[in-house]
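Please find one structure pasted underneath; my questions will follow.
For clarity, chains are labelled A, B, C, D and E in written order, and residue numbers in each chain start from 1.
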């Protein structure tokens, strides 16, 4: 094995371009894909669900004969949401496991950090979580971003709220990172198109658990529309504080926390909370169909862990597999990238059809504003 | 069996080593490091690079915690400052990377004075928690001054070109890191055997006696902070280059704890211990993964649900078992091994 | 005025949580010289167990209380016996490293045994709202404040008047000699771990009832560090006070200055205080054994 | 050494061929036999590092704390083998050690320190003993609520002895009670030892550096060097040993007078009994 | 007025409200051995802490060779010629004997951080030069055989000797020895006594001694200074002090009687 490595290294020295054979990860009867995900710690909530989505897509394609007769397999690396480990994991997947393509690059900050490495390698990579503009503006040849930016989602949510609740006082609580910044940008953009009167705005440090003082200020400022820009726990804390203080503003949250568990944890106070997303709610017709598909290929325990990230993971992987399928025997990076770029839109039913273009590496999926229904622990589109 | 080398002059006593066998071993180690890119794949090489960077940081912490006995949980703050100093100076201001690297040492060294002065009267865990506090405060400041630091978005960092030599590939960057690590080893060894190193250790062992010997406790504690932070800052810059991206997220609090773990696992106060500890702790997750992949497809199936938690569990367990069974750290293990080796087959 | 009163009330509520965990740090530190970095994780696990109990008994608060306290004690004793006792004669830094190793294990364990999702505790009695003049608080928050004050009184009386309390102080002062008096330092260590687990466990459970249960609950331990340092590592009651100070300061900073500063407020205070009193507000000089 | 059956029956503490090893490697005590008859004062003399303290640790069951181990030999106390007993049980059986350097609980009051001495007694017994100690050292009663760390050296020594008496010792072991104390206080300590023996009929094992005074009070003397007992005998007889006079008592050439330190020569030939 | 080598005038040290040292005046001349005796808690060690710069004085004046030490920071006392040993061992126990002695040479070495890090120029020259200095002290104290041993592993008596060596390495003019023979048997005490006399006779270092061993004090001291409650009882030639009624009452005793208790808090500021 060591000898092989040494030989490989020697070839590399003589012909540097040959390091990553374009068809690495592809054998006669198998194709290997890889991904980096937070599978430990609190962010595992999204990592594990996403991973299920990818595996669902693979199971489906394998059940239908695989790609050109080859079964597709997945290697998942855990980065625990730690940037340095994301990059190490990418290097390992490409260098040691020799995967053909990457189905995820962990969260937004992690993907951003890994971008130069992934770009340098040239391996086709999907980014279905945390689609930040720097990932696709300017477009990177081999990096495909599926979904919608927080900025655009926020813009549409804000416009909807401004229209539905005109002339109200707004409060905004955001996280002190990229995510919060994107939301702020979206809100500012919406502010150009509609009348938004922000009376209270603050940033909290990530990991904060106690939101008593923030919500007191919300109350003090007479906020009527509150943008709760937390990820998951923070939103729960904010809504519970509002309940405690006896205030009842219109509360809007964002998709990372759009999971039934959040509604359950908040309790009845969660009824009527707004959210926005680019995948369908699980309780919709399309969502139920998706669950049915999931229960066909996943275990019962796993189906319980399905959430919106399963849909994004599934959809982006289906798009990737589609392109690979279209390459047929010419299963190379170049071909896959070319097909991803030029093929027709891929529709998985759980989000708007995924389509890229020559100068576009962003699916720019359509978002829907929705509202929580505590009785069914679900979200219902509002229009 | 080696029977020792007689020293004929006092000057020989002052040398780092005059033993032929030791020199041979050093030469072999250097050659192995130089040839490593031939034997390791892309990933393996980046792992060694990471070990080298970590070892630099650990040696830096060792100056403060190992030698001077000042426990710090806040050296990540200086890694952050080093990384940002480098990133801002080279990427935003267009400084040459060498100057950026120098700044990556100098800025943390100066900042450490600010942390060090209030800490002069503190000892033990009080100091540990206070340094931890400064780490949190530094992170907060970095996010606050987003005009300079680009806030939470971070700064992309390119591979440097130093003295006309471009460290643009992973292999070349590997050599850079190994070079810096060797330089650090040498500097630390020299420092340790100088009046300054002795003064720091004297402060650790008995501060009152040290003062009576004419050692200015305040200055030397600040020296220790500065030297440590200088080295740690450099490792921060290298780490930033390694990640090609600098954000505060890249330097979580966990890193500070791991750094301390490296020293303890390696054998506190020893330079070789810091290096061995770095290799051990950076390699540990790889080894646990390997064990998992050896378990085959059954374990692979678990992958998305619980295997990673088990991995975290294993990681904690290895550290605990290590401390339990080998309390003197890897250096202790090494010395035991050497004793067995030199005495073999004549035990007792 | 109502604004300030509300800020103080919520500061008190969260400060009491910090205070209880800080007391746990101090109890273990005082009797064994060890800083238990896994205290926050142990509180989190107790909260998870309380949740499991709660879901099977429909949120009956008394069964949950009894069950989780019992668990906290048994769990702490097991941890002490298995992981800490064998390290008793090792350098203190190695012992601390072991607790750090434990914290890594416990965090994984929570997700392994339960899951990574946020949950409500499902204890309506604790979640209920009470109006006291201008202030609305949850029963659990009143509970945590009352429990803190009860703990302060109990600890004070215990260490002052009970012979075992005196023995614990003696072990803290010089454990070798205490053993020569026939004190079983293992028992002392067990008592310390047990008491610490109850205090931090109750804090964790009550906090989770008022807020939510999630695998990041351990971060409460991190917030309790400044509290215990502020009061003095070896000052059990001082640590409780430190917790209240940190909690109230955080809320005042968040309420009048900025949220960003709120999270570092505790750390800024300890740096300021330690510059004046290097052993915390109530700590004893030269107790440090490192 | 007398070794008849009757003698052994009256022996409270009996060490036989004890060998103690630290860390599985360092031999601290080699083949030591020693006996303390009921009601007597036995002095164990020797320089630093001779193994005296190690021996005391073995007797009080606290060797394991420093990774020490009794490799060979037996320790009997009151007819019972205590070689591997726990400190707690040894204390309960009445073998009490006053450690070197007094080792008071500095942050605790005098009262609390005394209470600690009776840790294994019930409260009524504790109070009774405390009164007895206050009778012996009336001064401590006045200072009972003071923090012991702030007492003077002599008072601290009283607390240390008083604390040991709280446990109602059958055998009181004193480790270097005179170390670092002023002559007047040392006199006081030896006075107290004499009284304890006289009035309480206590058995005492005295480990000392200060040979002169220890020999005056002791019935029987052991001298240790390098982990071995090199000389033992009744105090009278030992005192007249010329080597003991020169190397432990500071008399020169069998003379009646102490030699002056000014007259000590360099490179004098050192006498060693063994090794 | 003659200029003494070391002179204390009305030196007072207060802890809180209590005077641990109260208006003590004493002096040491070149080539003298002066002893300080007194009950435990009389303030002897506190006095040493004041003279060696570990603690600042509350009032009064300490001077060496006429230079007032009032404004001199503690770590500079060594440079002015004050060396000391501690009551309890205060060695750097993880270092070798040579390391410990080299620390003693610290203030005489001038190497800067940069020079040290690269071990060039002055760094190397100094290391070699002071190794010679250290070897001389090793020779003087007859500790050649333990030169490279870790200090913490040595027997107590040898550690004391190393501590004496470390104090000598600071090149003192006056050496403060705090209960250096405490816990030593007759033979070890004799060795140390010889080294003390040699230090004075061969190296010309004056010595200030705190000691409870009256035989040693009376034998080798030129003058004796008796303290109680932080104040001077008497001062004079050994036999004068020995027969002074106040000293007998407070310290020496008549060979019997329960010891009176000194009320001053003991060793609050002492080096433990």
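Brief remarks follow.
In this section, contacts are C-beta pairs under 8 Å (C-beta built on N, C-alpha and C of every residue); 3 or more make two chains touch, one makes a residue touch a chain.
Quick caveat, the model's predicted, so the values are computed rather than measured.
Least step count on the touch graph, chain B to chain D: 2. When the partners of chain B are compared with those of chain C, the chains appearing in both lists are A. Distance from the centre of chain D peaks at A, each centre being the average of the chain's Cα atoms. Rounded to a whole number, the gap between the C-alpha centres of chain C and chain D is 44 angstrom. The centroid of the Cα atoms in chain A and the matching centroid in chain C are 36 Å apart. Centre to centre, using the average C-alpha position, chain A and chain D are separated by 75 Å.
Counting only residues that touch two or more partner chains, chain A has 40, 44, 48, 176, 205, 305. Touching two or more other chains at once is no residue of chain D. In chain B, the positions touching at least two other chains are 140, 143, 309, 311-312. Every pair of chains in contact is given here: A-B, A-C, B-C, B-E, C-D, D-E. Chain A contributes residues 40-45, 48, 173, 176, 202-205, 207-210, 212-214, 216-217, 220, 232-233, 236-237, 240, 243-246, 259, 261-262, 264-267, 305 to its touches with chain C in the complex. Within the complex formed with chain D, the residues of chain C that make contact are 89, 163, 166-167, 169-170, 172-174, 176-184, 284, 287. Remark: chain C residues 29, 35, 37, 83, 86-87, 90-91, 93-94, 97-98, 100-105, 107-109, 111-112, 222, 225-226, 229, 233, 260-261, 263-264, 266-268, 270-271, 274-275, 278-280, 288-290 touch chain B in the complex. Across the complex, chain E is touched by residues 45-49, 139, 150-156, 176, 179-185, 187-189, 191-192, 209, 211, 246-250, 258, 260-262, 264, 266, 270 of chain D.
The touching residues of chain B, counted against chain A in their complex, run 37-44, 46-47, 50, 140, 143, 151-154, 156, 239, 242-245, 247, 249-250, 252, 254, 303-305, 308-309, 311-312.
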